[in-house]
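Each of the next two complexes has chain A plus one other chain: chain B in the first, chain C in the second.
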Partner chain A sequence: MATNRSGTAQRPNGAPQTKVCQFKLVLLGESAVGKSSLVLRFVKGQFHEYQESTIGAAFLTQTVCLDDTTVKFEIWDTAGQERYHSLAPMYYRGAQAAIVVYDITNQDTFGRAKNWVKELQRQASPSIVIALAGNKSDLAAKRMVEFEEAQAYADENGLLFMETSAKTAMNVNDIFLAIANKLPKSESAGGAAAGGRRLADGDAPRSSSCCK
Partner chain B sequence: MNEEIDEYDIYHQDFTTVSEWEVFIARLEEILNDWKLTKTKLLRFSEYTKKWISKSEDIVFQGIRFKISYNMLEPIDKKDNNDTTDDKFIFQEIQTGLWNSASKFMDDLDGSPYPVSNWFGLKRYLMLCSDIPLVEGSIIKLVMSSINIAFANVNCGVPVFAKIREHWQHNYQGLYEDHEYKVSFDTIHLKRISNQCSHLSGLVSLFKSKIASPVALDAVIVSAKFSYELKDSDSFAWRKLTRSNEFLSIDGFDVKKLIQLPFGSEKNPVASVLLNAIWPKFRESTIVDSSTFSDIDPIMAPIWMVSLQLRDQINCQLSDTVSKVMELLDNNFLLMDTLGLSRSLGLVNPLHKITEAPITISKLVKAAMGQSTNVSEFKGPIPDDLLMPLLYYVFPDAVDDNTFNYPDQLEIEYKGDGSDNKLCNYVKTSPQGGLVWRLSVTAARLYDAGGLQYLAHLWYEFTQELQYRWEHRILVPGVAEGAPNARTCLLHQKLQLLNCCIARAAEGSSIFAGNSSEDEFYDCSESESTEEQPPWDRPVGRLHRLEDASLKNGAPLYVPRTQDPAPKTEDQLEEDAELMVRLGDDAKASELRARMMSASLLSDMEAFKAANPGAELCDFVQWYSPRDWMPEDGGALGARMLLPGNPWMETWSVARPVPAVRQRRLFDETREAQQVLHFLRSRTVSAVAELLLPAILRAGAAKAIEEGASGGSVSVGGIDKRRTFEVAAREIYDAEREACRSLCVRTVFGEGREGEPLDVAGRARILAAAGGALPPPTRREFTLRVRDELAPQLMRAALATDLTIIGAFTERTSTIFVRSEPVTSCDPCYQRARIVVVVGASEIILRVVFMADCGRWCDRCGRAGQALCCDVSVSAARIGVGECVECACARPRSPGAPRNRSVARWYARSIPGRARFSSKPDNK
Partner chain C sequence: MAASSEDQILEGFLCPICKADLKSASQLTSHFESLHQEEQDVLKSLKEIFGKAKKIILNDDTDLKETFDKALKFNSQDQEYYCEEQSVGVSRSSTDYFRAVRSARLERYATETNKLLIRLDKLVCNMPTDQNLRKQHEQIIVPWLDGTLVKLCPNCAKTFNITRRKHHCRLCGSLLCHDCSVFLDLNVARSIVDPSVSNTSTEPDQENLEKNGLRLCEHCYNLIELRKQVQESRNAKTVLVTAYEQMRSLMEQARPAVAMYEKMCQSLFDGETTYHLGDVNAMRGKIGKLAEGIDLLSKQIVNFSAEPGTRQARLQTAIRQAAALYIKEDLLSLRKLPTEAQIEEVRRQRYERAERQIQLERRRMEAEVARQPPAEPPEPPEPRAPAAGDDDNNPLLEQMNIIRGYIKEARRELKFEEVAILETNLKELKKEYQLLKLSKS
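Our next item is the complex of A and B:
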């Protein structure tokens, strides 16, 4: 896992296509905030009023095209129940991007989201791109988390932030695209992001010179 | 004025046919203009960093590729710097630089791409450099003329140089001029030192003759540097280090020696010591150095500087040890093959897997437990009296001796613990001084000493010991407690997992003494078990009450004891994740994945049912997924839990009330332990090296830091393991080399610092090491300076086996009229015009002078009715402009006169054959 295969895909007629990058993305957040719905909307364009509760984690893939790059997301949609918390590191370890989701109609889910962000900042790869999604923005009438509050928090912590609605599809594609844009796409940079820091010196060390 | 000039004719028509030379000059001018190097446009800076910045452009001329580059010291930019320079400021800066250039020596490096900045103390310069050497006189002249013209036309504010002759000769010719002064920069390179130039007095007279001052000069100020190469560097004290494999001599065998990683160079790393005797400044008369007599004595030189040249290949013992293990990464044979044990251990090289029967656990167990005859009779290459102390060092709890006990608290040092800049801290760690650490260092040392056989033997004994410990339920010492910690290296994780298995097995066997580890059930002492025998529906496996929550039927809700998730090492987690990825993302795969995932859900549901008899799914959800539980609806399930066929309902429907203690275990310690043991035994050589390297590298880094190496700045991670190892090994090598160097520096410099003049003791030490007298100098350098009435005049000479003399001479750009004759031409423009020969300080100019009534206007002041002149320089093929005599005399050669349309027009009409212009006219 945690691989980033950059390569040149071949079109049927043999002409080389743009570069393909593969990134691992993980969704985290309290249960029933709409993580699976966001993914379903993004991957299949569908929405179910009632989406069954994920057990463990679900896995889906989706490809988006940027100007010169095709970004393939390997999406790990984790279960939000506390009992599954201990499994989360397995999913965010080596992930290049994370979407932390909360429900704008519930203040507690926002607090939980902050904890996830904290954990990611401490435990995940330092170069991970984190996005904060305030989901269920279609239920703005029942809003409990102010947009400004979340925006301020996101700014403070260097997170991408959008309020989304899996139901109306608002900002769903946008947040994934924003992440795709922020991810390093060059072969070396993507590789480094796969699990941690970047290599400061670009030269391959000549191990042979150590053995003389 | 009275004729109509067809501008199209002049500016547009003929560009494709202008001569290549004109195009070349035009291109040069265009570049200089683009770079805004006109005297009036240059920004004025007063402070600079030490970094050189450059920009360059390519030009092709006569099939030669030229690169013109602009090199300047990076200025410390004051934000609102809009001051531009003027002639005076630039010339002042050049003068100061020339005078102060003597504080550096010609062989110093200032970081700029060409030595001229260091030679002449320049802060900025232009350099025209060709790809093939310019050897022929005619092409050199042509190039010099071109830069002369371009310099003048642009009114350039930066000295411009051309690199001529063979490139290795570092021959640069350059100029700078404004309307008052001209500075010529020259280089002479001779392969042999001529007699006259071989001593100071000869150089001084050469210098004076070059200045040719009409008035008496001040005394010439001399700076000198004599360099001596002290080859016999062994005389400089060198700490002998113990040979790394000393511990192998059996009678002197000492574990303590073995576990010390070797460090530093075995031999003296100093290749040579370069001594520079420096006289910063003396008057020419104070020291005599002629062909017949010299009183230059290096012992008397005010300053001695020493620099060390290290051997290119220092043999660094630590890096040697590390790189030997690194080489193993290419060896894909089974390590046990080395001892011929693979078959008897039931191991198969993964490369041969396809042809051989698959390994089964039972086969393995048989092989390992049964100790098939081959194995038990096995006698490894390491003699027992060497092997046993090593094993006791790695497993110190096996003997009563407390010498090598592991510390009680094994600390795992994390990346982020404030020790951010430590060497190799990106390599996964294991507790410092713990078992993995000891084993890895021992392995590296043994491998270094005895080759692969020794390594294999040690590894074999190590795995046998682990097998023994598993069978006898003895924990592996020197390993951090708890489940595998993904921040530690894989070998450490494996041992942590093995310890988990041993602990679990020991727990089980202590309760059911005599039960085999195959037992599917275990029990633990619960408070309830002390009470009377539970009936079937009696609640079991309760952990605690969930606050004051209650079941739908009104009974209090209890949180059950649940099974802990199975401890896993990172490679297992990766495998799991990969498996799930491989399933794909279609509906069927999702369902399969959900079923795989629901094993622990089922376990939790069964435990819940056992702890809460009569509970419903909504009660379970109240504890497990509170957001799907609707208290306001009387504790109903949330809508999504009611979806028909959803896995929560399905799992609930098949869950039986079974407390965690009686469930089928999610973690099977026997299987896991056997897998760990098999994993370790069946590694290839490269895989074993991969397991050992993290600790070897970290131990090496720790050793280097202990020896005074400073932290590395490399940060790395996420890339493949091998590359991480390579980066780390490289870092250790650099650190070790640097440590060797600083050790040498300490022995040579004592208290002093490199790059500073030696103190008296240091001088005495060097002189003694050189045997009391210095050898003949390998290189001598003199800088001669004098200020005449104009500016500083400078000449520098470096005398080694060859001779380089450079000079910067400033002269006034004054003109002397020599003779004047009428122009013979039928062109009416030339009637009454005169041609005047003007001899400048450095060139001869033919000046066509038009009389006042010629009907032209002065280009400079714009007045008509003035006598006008137009210059053609003979020596530099430079073309002046049309301006009135008054203007022309005010600026005798006005090199930077702006070229505008009127000039072009003037020229176009006044001098036949000069009608074409090579560059677009300035739009000023």
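Our next item is the complex of A and C:
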């Protein structure tokens, strides 16, 4: 009797009270704006002054805890170089969240970021949560993109917006947390995620049929 | 000196014979011995009285202890005397009275200790390093007693002079001499007011302690020390608790591992190629190791000495039983793995099913195309696809290799959830690459 009682009491105690949600997140943006640095800062808390340029797409995971949910990010850090752009659609398809990064000291990267946002709005899942990150905010002295300008653009397009710095870690965790907060975390979130992926699989043959 | 009038109360070291005020005990004794020698028996009793009073004042422990011991012995003899059966007579419970007295005392000590702690907190935070500034800082927080009229150390009753200087307790501000001072190390003080600061410093040498530590009177020091001990005993983890926490953490690890194993197993039975048989075996091994660890720790816990029948003994047995039950029900009842042959069979069936499905789809598509005029399909998201001709340089191939590397790494670290994600991606990449080739050819 005693055995049974303690045995059954064990499980409700030990059972995790929080639900776990897994989300696919993709980073997009011009090369050398700091996508990999942002991820490295978020996942490992590190910063490398001379971060090598990414080849293809890098894959990392990180878990964050919200009040009652554990959010597991499956992060795809895409290469910014032009020749890898053909890979990007594979990664933003079926993603629940995207961070579009630009460099606040470079106006061109902001223009490129706008293009990425447009492409996401057209091609990605309609429910995708998009965040705009103005990186390198530690170099505010050399600023070329005004905060207000970017904020206005983000408001217009319903994007989350923050100026970040992978170097000083400013707003890095915050932007990921803001995304985690905005993502739907119903019990079916995991299923929806899988659904999203399956939908993406369905997309592929359709595009193939047109290519033929 | 003549005796004074009746209504005046004399005070001091008075000679019992001539009522002269002799200022100090030693002077009185010598006066008595020289002038009133004839009254020897009175002198003897006087000496005794002084001796006792002195002992009490000086807290002479050894003597007091002797007295106590004597008293106790006397008591035990008493007990022997009364050992015959005796009925309980009229009794009265004094518990309430005792409680009232005790709570008042506890209250007093608690408030006093808290007051001292607040002062200690103020003292140690922002304490200036410069000696003079530090003195000022200390006096702002605890006003020091004015010592101009104090001639003797209130603790040991020795006179203050040029070699025995007046000092102040930093917590209550009272006067004391150096010999009666106790010093509290600053790091220890910090760890008392802020338990999150761990006191890792080694025992400081006496000289350093007297230079940098806080000078306290014995009373304040004891109160602070008592609080520190309570704090430590509250935070200290017993070996049992540590072992239990280790066991729990292993259980926490085991839960997702089992879930993952089930998923991988199911995937194998379904004929999917995401995981290899080796992977699932490795996972099984990992779970086995965890079970072993839990078993070992729970055995350790049950073997800790405890009085049989006490709550602790019951708790220890319960932990062991729960762990054993958990291992038996959750960890050892894992599904058996399919054999290679079974997997082959399932995969073949699946492949055939897929083939049939594809055939069906293709026929349906053809029929649809024949029915509908060719419409402009939506722009595919791969407009920037580079030429697939230069195979060595294709980013898709490059990426496939990257992903293969990731998969190998994740497999090595037994992160099978990641393996699944990456395998899915690899499949997508392969499909994409084939489509690209088809479209170019």
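By definition in this document, the second predicted complex is superposed on the first by the 175 of 212 C-alpha atoms of A that agree within 3 Å, B and C clash if a C-alpha of one lies under 4 Å from a C-alpha of the other, contacts with A are read in each partner's own complex, and residues count from 1 in each chain.
Please note the rule applied: a residue touches a chain if its C-beta (ideal position, glycine included) is under 8 Å from a C-beta of that chain, and two chains touch if they have at least 3 such contacts.
In this text, all values refer to a predicted model and were calculated from it rather than measured experimentally.
**Student:** Looking at A:H85, would you say it contacts chain B, chain C, both, or neither? Reply first, second, both or neither.
**Tutor:** A:H85 sits against chain C, while chain B stays out of touch.
**Student:** If you stack the two complexes on chain A, which partner ends up touching A:A57: first (chain B), second (chain C), both, or neither?
**Tutor:** Both partners, chain B and chain C.
**Student:** Identify the partner contact of A:R143: answer first if only chain B is touched, second if only chain C is, both if each is, neither if none is.
**Tutor:** In the superposition, A:R143 contacts neither chain B nor chain C.
**Student:** A:E30 in the overlay: touching chain B, chain C, both, or neither? Say first, second, both or neither.
**Tutor:** A:E30: touches chain B, not chain C.
**Student:** Answer with first, second, both or neither: which of chain B and chain C does A:R93 touch in the superposed model?
**Tutor:** A:R93: touches chain B and chain C.
**Student:** Which of the two partners, first being chain B and second being chain C, lies in contact with A:K114: first, second, both, or neither?
**Tutor:** neither
**Student:** Based on the superposed arrangement, let me know which partner A:E74 touches: chain B (first), chain C (second), both, or neither?
**Tutor:** In the superposition, A:E74 contacts both chain B and chain C.
**Student:** Check the contacts made with chain A and report whether chain B or chain C touches more of its residues.
**Tutor:** Touching more of chain A: B.
**Student:** Determine where on chain A the residues touched by chain B overlap those touched by chain C, and list them.
**Tutor:** 2, 55-59, 61, 74, 83, 86-87, 89-90, 93, 197, 200-201, 204, 206-207, 209-212
**Student:** Enumerate the contact residues on chain B facing chain A in the complex.
**Tutor:** 313, 315-316, 319-320, 322-324, 326-327, 426, 486, 565, 573-574, 576-578, 580-581, 583, 585, 589-590, 593-594, 596-598, 600-601, 604, 624-625, 627-628, 638-643, 646-648, 713-719, 723, 726-727, 729-730, 732-733
**Student:** In the complex, go through chain A and note every residue touching chain C.
**Tutor:** So the residues of chain A in touch with chain C come to 2-3, 6-7, 9-10, 14, 16, 55-59, 61, 74, 82-87, 89-90, 93, 119, 123, 197, 200-201, 204, 206-212.
**Student:** Help me check something: in the complex, which residues belonging to chain C touch chain A?
**Tutor:** Of all residues in chain C, those touching chain A are 248, 251-252, 255, 314, 317-319, 321-322, 325-326, 329, 365, 377-378, 380-382, 384-386, 395-396, 398-399, 402-403, 406, 418, 421-422, 424-425, 428-429, 431-432, 435, 438-439.
**Student:** For chain A, which residues count as touching chain B in their complex?
**Tutor:** Within the complex, chain A touches chain B at residues 1-2, 30-32, 43, 49-53, 55-61, 74, 80-81, 83, 86-87, 89-91, 93-94, 125, 127, 191-201, 204-207, 209-212.
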